[in-house]
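What follows is a group of structures, each given as structure tokens.
The same chain A turns up in both complexes below, where it pairs with chain B and then with chain C.
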Partner chain A sequence: MKSAPLRVPLSDSEIEVSIRGLSVSYQTSTGLYDAIHDLSLAIHRGSITAIIGESGSGKSTLAMAMLNSVTFPGKIRTGAIDYADVGDITGLNAESLRRFRGEHAAMVFQASQDTLNPLKRVGAQLLDMARSHGLRDRKAILREGSLLAERMSLPASRVMAAYQHELSGGMRQRVSMIFALALKPRVVLLDEPTTALDVLSQSHVLQIVRAIHEERHLTTLLITHDMGVVAELSDRVVVMYAGRIMEDAPSRDLLRAPRHPYAKALIRAIPRLTGPLDRAQALPGAPLELRQIPVVGCVFRDRCTLRQSICDEVTPTLREVAPDHRTACHLEVEA
Partner chain B sequence: MIEVVDLTRTFRGAGGLFAQNDVQALRKVSLKVERGAALGLIGESGCGKTTLGRIVCGLETFDGGDVLIDNQSVKTLGDRARRKVFRKVQLIHQDPYSALNPTRDIAHALIDPLRIQARLTRRDSTWVKQRAVELLSLVGLDPQETLYKFPHQLSGGQRQRVVIARALTVEPEALIADEAVSMIDVSLRLGVLHLLATLRRELNLAIVLITHDVAAARYVAHDGELAVIYKGEIVEKGKTDSIISAPVHPYTQALLSAVPVLRGLEVDGPDRYIPEPEVQVQGAEPAGCLFSTRCVFADDHCRGHHPDLSRWGDGDRLMACFKPQERQVVAVAVDDAMEA
Partner chain C sequence: MAFLKVFVRKAIGGLVMIFVVASFTFFLIRLMPGNPVTTKLNALLATGTPYPIALSKVSVMYGFVPNQPVWQQYLTYLGELAHFNLGESISYTGVSVTHIILSAAPWTIIMVLTGVIVSFVLGVLAGVIAAVWRNSWIGQSSTFLATFLHGIPQFMLALVLAYVFTTVWRVFPFGAPYNAAIQPGWTPAFIGSLAKHAVLPVAAYAISGYGGWALTMRSSVTSVLGDEFILAAELRGLTRGMRLRYIARNAFLPLFTTLTLSLGFMFGGSVFIESIFDYPGLGNLLTTSIGAEDYPLMQGAFLLITTAVIVANLLADLLYTAIDPRIRRA
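And then the complex of A and B:
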């Protein structure tokens, strides 16, 4: 287990990634819409930070933006993403960006089977990656890959010689983690790493992520819609809704004492194994579509049971409600 | 209503690099679910639970045993009678994104099967439209808003509700929900599970929930039964709450232990143990208990002999283990303790 939540203000040297005033917008036939709106977030070195939200909350867009990989019709409209020892990556040219991805920060995608080439064996794809990143000793990447495979309880020689369709879902997910880690990045982004897996494979993959995170002194960002995964893995959790941060707190604090009505509702919606059945309550309504997001006022108000007139008129800003615990809600919601 | 007796299904092995032997998807599975009752089938990917679901919907053949629907064996039926019988059992797929035709609106998705139903039951065409509206309201959607939308305009939860409405067009007696909520946002899952529980009560439907998510199964079948399947074999079966609170088979315990603990809200169950990862075994299967290769409690006897399903305790619990022991592995909520 990781140490207790950080209580002291961090100096700049402890921040691995700093996102400042980030807006990512999508150009559609009816106008320009922000999938991420004026978002600022500091990600601490060595932490596992979870970004949680429903479909359409902008969490995957945020992950793509963090590699400056947002594709048309999306675009980083404003803001900066500073990585320690690299600087703002929104200003990098194509070649530097290509090297940055994989060597400094790497991503494990949600549908891992779609990220592997079906026509090439896993080992050959690793060699391709070594070539494209100009490694002198290309065999080294195979050794690294085999090492990682064994670390993940995969039969290394068989996996290196396998095509992706010969691997099970859980194995494929671990193979795509090998790809992300093979170039020894400092920052790893995991987009829904366990969504397609059953509960036993999920538990195993989460154990591996935690172990490798610690062994390699990584900074890990986890994108998920599952509070169980957050509870099991992350030190810190950022709750997103409609492209904005609703709450940002150490994971245990958030689970024990959520402040924002949205965070409370998300936690309440988890079916539980014990206790009365009605302890779990469905979250009413559906997540907002991009073009429905209100410009003024709280974006969650339509689904909020505590809505007041101020919620329609004034946009809430993130404020500190407890040490190291921020929320964007007008109301003094008790924990 | 649905009964399977010693059901067996074997798939011929595929070649290739990881050449596999024949896969025994189901090994002498016996189960029964009455109208209005709920059954949760739980197990990990590849345990045969989906095959079982497909067989009782008539979408898959079987090689041994029998399937009885309303006490009638389906083996001897001709095509026409078979279709009629299996109309009573409808399947809800895992993926609501591919279960609906993307080029047709929701009205069409419902009206096509309703027309057939109208012809069979000698109703006229005004009934079709009216019934489509009724069904959408029944599954908790606003008919006026939903009817002329296309699948891509709906959320995952709404889509799954449409799929459920479509299954209800033929007035079934049972719904087989195969991982029906696993692709839906966690925040919206509970709504769909709640809908299944409501339909069960109001329409007196039998519900079979096939899932690896025990909490989801509990939500629909809390007063029903759970059957735990490992490699095509039932290893434990009994009342839902009793299985969750006091599982006897180490595999059930492993499944329940793997459910994430909401630390801060819950504390680990006293006997929780982290299950062994899947071991890739090539070649022949163990002669004894199929779970012995992963079981932390297995000894030589387990590896050499095959345990049969037998009674445990004085309830109606069945289990197949040589070393049965109740263990409390699920997380304990601290809510109440905190408030006190």
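And then the complex of A and C:
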């Protein structure tokens, strides 16, 4: 690894997506609860931003909100999601939003096993997409699809003529990725896109993602539980817990020197392929359910070993603890 | 070629089933308490008919000689069946069962086919509306209407329609399939009369089927709406029309078999509707044949219904293979 370059504050022109004060809530039998609470995040153009956090911390909800696709019982309660050259997508009308999805920003969603119409061939569905987005040369999307398939080590002609049930789980995930990239969007959201792949295919596909990301100058958001992937692929890491950002920093800094007690615990909890196994320590306690999330104070305090009275009384806000490195903790935590 | 092989295999299966049913009805009638053959023979004897004449009358009616051994009767019956000879009716003396059935069938086919198609098309559309807009008044009223109509028994519906539109408000004629004063033929007057007389029975049939289709389609669409690929289609920015087509085609699959089967059951006609509107279809025929203990006619009608259902089932299987790629196997 190269040594960390000198960081200068970003200008607005380098921000591809700017999320401001976003709250997404779910209506449950016991009430309305925020799964994302007052979250603000700037996603840098051309970066690969990894989002990590335990199950239930709101990663998928955030990704869905970024396409304004949160559906009942969930809804975007407040906040804005600004895309460069598009504006706030929470205010888009139905038709503009439809065009925006797939064309400007695309997503591979979690467990994307059954994302195809079971009654139509892959190629025909790509054509449907081309038609929906008014592509003049519709066949181009087939060429693009085949090209992407080949790059992901799929037999292109067979896949294009296949029905979903004729593809394996790993193939389906890659096909899902092809659909996300087919219209050449500027922003790509990948929610655990390789869970159905074996370790070798996984790293291969992620290499391809990285390569395409660079060729096309994409802005990529990658949700993953795999710290190896984070280290290898991402430029930045956002650590989420209970619908809030705990820490947001360049990957190298964060992996090497996490500041927030949650980020520290999370990184310690995940065994590295290289490190000794006994160094992995399980995170004590369990993640909060939506209705258990405290309104005032730090949301992590119940599981935090450094808890103090201020943690109960004052809600910590994200603050800069090092250049380009933000964390939401009251304590001066040593790096 | 795999397709052809499947077809041949299924067609053979269907033939075997028809054969089994035909044999079953044959033995059933002979094993029934108060064997209708001997009953008829005794009835004739009681009226003073000499034994040989009564015997030959009965044998003509049923197409076999009663005092022959059963296996011989059975063989004769099968032989006649192969030539579509179902014997002669008892109540319409001297008329062949095949002829009676063939003249009743068109009435039923016109009524039921039109009724099924109308109720299916409207019901499926209503079901889609009820599911897609289930949180708005239009979807909810669509569901309410379907549930309401589904709950009304067919005979009641037919009676209400008959009462309202032929008695209270005389817009449609009552009874009979056409105006007897008009000379039958391909004339506009006759066809107009046919259509006018068919409106109420068809409407009764369509309305009574509508609710079922709408509710089934509604639940099918609701389940497809929850499928991952619909969300994926939305995230890929497919147009609303395209997504509706995805939803409709997938939601339609479970209804498809029911549709084909109901077209098979069509040959049973609709007993209530046909008798209320005095429509001379197969349903009416079945009721009269039962009332008149006309066993050959009954046997013929049942055989037709089973054959139709078996053929419809076969057709459903084959068409299903064509529309659902997941069913296609080598």
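Of note:
As a working rule, the second predicted complex is superposed on the first by the 323 of 335 C-alpha atoms of A that agree within 3 Å, B and C clash if a C-alpha of one lies under 4 Å from a C-alpha of the other, contacts with A are read in each partner's own complex, and residues count from 1 in each chain.
Here is the rule we use: contacts are C-beta pairs under 8 Å (C-beta built on N, C-alpha and C of every residue); 3 or more make two chains touch, one makes a residue touch a chain.
In this text the structure is predicted, and so the values were computed from the model without any measurement.
In the superposed model, A:Y163 lies in contact with both chain B and chain C.
Of the two partner chains placed by the overlay, only chain C lies in contact with A:D128; chain B stays clear of it. Shared-chain residue A:V295: touches no atom of chain B or chain C. Touch criterion met: A:Q202 reaches chain B, while chain C stays clear of it. Within the superposed three-chain model, A:G102 lies in touch with chain C and out of touch with chain B [touch as defined at top]. The wider contact with chain A, measured as residues touched, comes from B rather than the other of chain B and chain C. Of the two partner chains placed by superposition, only chain C is touched by A:L116; chain B is not. Comparing which residues of chain A touch chain B with which touch chain C, the overlap comprises 163. By the touch criterion stated above, chain A contacts chain B in their complex at residues 54-55, 153, 155, 158, 161-163, 166, 168-170, 197-204, 206-207, 225-229, 231-232, 251-256, 265-267, 269-275, 277, 279-283, 286-287.
For chain B in complex with chain A, the residues that touch the partner chain are 16-18, 44-46, 155-158, 185-191, 193-194, 212-216, 218-219, 222, 244-245, 254-266, 274-275, 277-278, 280, 330-333, 335-336, 338. Residues 67, 69, 71, 98-103, 106-107, 109, 111-120, 128-129, 131-133, 163-165, 176, 179, 183 of chain A are the ones touching chain C in the complex. Across the complex, chain C meets chain A through its residues 227-229, 231-240, 242, 246, 249-250, 323-326.
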